[in-house]
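Look for chain A in each of the two complexes below; its partner is chain B in the first and chain C in the second.
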Partner chain A sequence: MTLLDVQSLNVHFPTRQGAVHASRDISFRLEAGEVLGLVGETGSGKSVIGQAIIRLLPSGTRIAGRIIFSGQDLTALSESAIHALRGSSISLIPQNPSGALNPVMASGRQIAEFFESQGRSRTAARVRARELLAAVGLVPVDRIEREYPHQLSGGMRQRLATSIALGGDPGLIIADEPTKGLDYRARETTARLLREIHTTGQAALLLITHDLDLAERICDRIAVLYAGEIVEIGTAAQVFSAPRHPYTRALIRAIPKNGLAPLPGQSPSLTALPKGCAFADRCSCGTDRCGLEHPLLTQEGPDGGVRCHHPFSA
Partner chain B sequence: MHHYLIKRLAFLVLTIVAASALAFVLLHAVPGGSAETIARHTLVGLEDEVSEQMITEVSDQYDLVDPLWQQYLNWVYRAVRYGDLGTSFVYHEPVTRLLTLALPPTLILAATSMLIVIVAGISLGIYSAVRENRAGDLIVRCATVFSISFPSFWIALMLMLVFSLTLNWLPVTGYGTPAHLVLPALALALHPTAVVVRIVRTSMLETLGQPYITFAVAKGLSFGQIVWNHAVKNALIPVTTVLGVYFGHLLAGAVIIENIFAWPGIGHLLVDGVFSHDIPIVTSCIVVIVTMFLVVNLSVDLLYRIIDPRISYE
Partner chain C sequence: MTGLSKSYGHGAIFSGVSFEVDRGATLGLFGQSGSGKSTLGRCVMRLERPTTGTVTMLGADLFRLGPKKLRSLRPSFQMVFQHPEVSLNPRRTLAESVAELLMVHRGLSLDGALDELQPLIARVGLRDEHLDRYPHQLSGGEVQRAILARIFSVRPRLIVADEPTSMLDVSVQAQVLRLMQELQRETGVSYVFISHDPDVMRIMCDTILWFDGGAGTMYERDGFVDRMEDVYASVAREHRGVGQTG
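Showing the complex of A and B:
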């Protein structure tokens, strides 16, 4: 069953330097219980998609297209209706847990307050909070629930933030760069935790990351973003073993275990996008056509596609 | 913690000693020496000539023949050993008695003003931030600019003109009933309230832009929970320092207001003492004011530990 159906989502931020086209013509589907990875380098517009779904973008942002979640269009919902979905139906594992946790509130309270907002008593909320702490491996619970974020390590903070996202037993979890800024060990625990969420729960996970290694390990499907567009989408196995877009191939080669080959050049400015293919300047197999004609995302199979005039063969 | 406290207390004592020594020396350096003042107040009229003989007589009687440093040390010794701050040259009463009479009015006035500053300053600041750039915010901001722009003595006179002389609602000057307290407390509180409103507003707006507020929204918390549990507590941390400094000012700086409203507090006593060259009074008032200021600031620093768990004085 399709849980989330994003159709031609366009997000742009009006600025004095002109509109920043953060996301362009984004379409994908996410089935219940599935893990979809949105991967790409910094500035590719992947976080904006997550924020558009849970409606956390700043006021003034222009959003076009439809985001159908469990049959209702999120872009058309009232503020109070979307508010009712946040935390309980759609939740967020934040980027930078150190900043996302309130520095002057004890860990236990940061989980418990969600249950209180759902109408539970203070005692019942605390019981649930303690269960969640234990569930994400933050033990001993007695000590952790009283500690403040600055007393926890980076990995523990990420687990705390994750436990908050799990609290409402949501159908969709958006994990926004969950491993960004974490050291190796914290990254490993976070990866394990995300995989556990996936195997034990029924929640669908939208994993937004620049960490391809993480994406390969836990995603069912992958969408590769470049300059605000999906350039390739497919099953994780297909995308990693036989990438079709030159950008995807370059990204995979840039992973340390694949030789750390750098991709020269920079992605284009989102205020002044080229007329043709956004990747043309950096592409090794581009032709004249690439600079003139904007490629469309092909439909290949039920959930595959590539946005390239000269894709590698599957 | 103990180490920190001992260091702070030692610093407090040093500051008091330095302030009292400075006051003592400067006052003795003022032309028209102490013996002359005493002679005018006790032996002849204020406008009459004072003879050499009278000066010698008074100097002997009040221990004014010793060198200045010895006079100061004597004063300190008697103050520490017997709690005796000397005798007023003008009133011929122990300074401690005059201080115990003047201290309660000053404390009542400062505490009332402080209450106005805290309640009005914080609530209007929060209101202004939450309603950013809407009508309510603009009205509050205009009012604060108005209050900051006019000096407190002018505001005091205007309040007096309107509420006492024109409307006849409140007594013009004096001390004794709650009605007497209203105008001086308002006149004293207006300027700091306006400053606190602006600081709270800025701090709140900065806090509302923090990632933990965005995460709180993503958690699905109510607007009230977000503002009260997450924004206000964090926003008030920097405000605490300002409130502490203002409380010190209110205790010490009520000199003008106390004189306008004939409020029998320390400020009034101090100004009287300065005009009549009453050195024991002036020195003692300065010591009391400095002590109150330092104690308030130390208390604020200790209070920080309770408000902000990240601060530790180990």
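Showing the complex of A and C:
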């Protein structure tokens, strides 16, 4: 069953340098219980998509297209209706758990607060909070529920933020750069935690990340973004073992464990996008056509595609 | 570095750390957040005074040098910081920042310094059009390249690089790390390389000092990889049973 259907999403931010076209014609579907990775580098527009879904973009942002979640178009909902969805139907695992947690509130209270806001009694909220702490491995619960965020390690704070996101039993969890800035141990903990959510719960997960290792480990499907567009989408196995877009291939080869092969140049400015393929000036297999004609995302199979005039063969 | 310790307030961050860095070699400092690897890097650069211990650079005890001697040695040891966006003076053009060390240490004019730096600026992959820009007009990768040009202008013997690419994109990280390796081969500079990315450590470093309290533990590459496997196994054990009760 399709839980989330994003159709031709375009997002423009007004800036003094002109409108930044941060998301360009983004379309993808997410099935219930599925894990989809939105993978890309700085300026690829990946975080904007997550924020557009949960409607956290700054006022003045122009959003076009449709975001159908459980049959209703989120872009057409009132502010109060979207507020009711946040935390209960769609929740967010934030990029920086330390910044998202209240530093003067004990762990148990941080979780219970949400349930109390939903009308549960203080006792019932605490019981549910303790269940969630145990569910994300924050044990012994008796001790952890009384501890404050500064008393927890980076990995434990990430687990706490995750337990809060799981609290409302949401259908969709958006994890925005959950490993950014974490050290190796906290990063490994987070990777395992996200996989646990996937294997034990019913929630679909939209993983927004620059961390390709993480995406490969936990995603069913991957969409690779470049300069605001999806340039390739497919199963994680296909994208990592037989990438079709030259950018995807270069990105995978640039990962330290895959050989740290440098990709020359940098992403184009979103205020001055080229006429043709956005990747053309960094591409090793480009032709004249790539500079002139903007490639379209092909449809291959039910959910695969590549945006390239000269893709590698499947 | 011999018997280095650093304490703040009530507790020791590390104690009794000793290591040597050979010419042209790279030593990695690895550890979890807060383990003291950056503090140690800053002690090596004489940006921070260790509680005990000595740092000997090219035969001289760094913390006993007089101001004049220190000034003449300063060009030999340089640092690359984690956050490129705040590493350069925001009110100076890239040309001014890149030329500054040559102007200070050799008394050259801006134009004189830039003339001499032409090959190095091209070597790190910057173009003339970059030189008139201010740091906020450049990407993180371009700023790190400019910092490398600035530092290499005075022929350093040792560079402490504190997470130099952790704020950069994957593809740009590969560019900067490969450039650092090439510059090392060309100049024989030594690196103390600080990172919490085990894959980057393995590629960049000859030996790795793992900060785990006290004096740390020294590894060659193979031993490091083995210990990393142990860490992942222990995280996996902690996770057994997670998600069963929710």
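Odds and ends about this structure:
The rule we apply is simple: the second predicted complex is superposed on the first by the 314 of 314 C-alpha atoms of A that agree within 3 Å, B and C clash if a C-alpha of one lies under 4 Å from a C-alpha of the other, contacts with A are read in each partner's own complex, and residues count from 1 in each chain.
We adopt the following convention: a residue touches a chain if its C-beta (ideal position, glycine included) is under 8 Å from a C-beta of that chain, and two chains touch if they have at least 3 such contacts.
Small disclaimer: the values here were computed from a predicted structure and weren't measured.
Look at A:G99: by the touch rule set out above, it reaches chain B but stays clear of chain C.
With both structures placed on the common chain, the touch criterion links A:D142 to neither chain B nor chain C. In the superposition on chain A, A:T199 contacts chain C only, with no contact to chain B.
Of the two partner chains placed by superposition, only chain B is touched by A:L56; chain C is not. Look at A:E188: by the touch rule set out above, it reaches chain C but stays clear of chain B. Look at A:P256: by the touch rule set out above, it reaches chain C but stays clear of chain B.
For chain A, the partner touching the most residues, choosing from chain B and chain C, is C.
Looking at chain A, you'll find no residue that touches chain B in one structure and chain C in the other. Against chain A, in their complex, chain B makes its touches with residues 210-212, 214-222, 225, 229-230, 233-234, 237, 307-310. Touching chain C in their complex are the following residues of chain A: 41-42, 131-132, 134-137, 154, 166, 181-186, 188-189, 192-193, 196-197, 199-201, 210, 212, 250-251, 254-257, 260-264, 266. Partner chain B is touched in their complex by these residues of chain A: 54, 56, 83-88, 91-92, 94-96, 99-106, 113-114, 116-117, 148, 150, 161, 164, 167-168. Across the complex, chain A is touched by residues 31-33, 139-142, 166, 169-175, 177-178, 196-200, 202-203, 228, 231-232, 235-236, 238-239, 241-246 of chain C.
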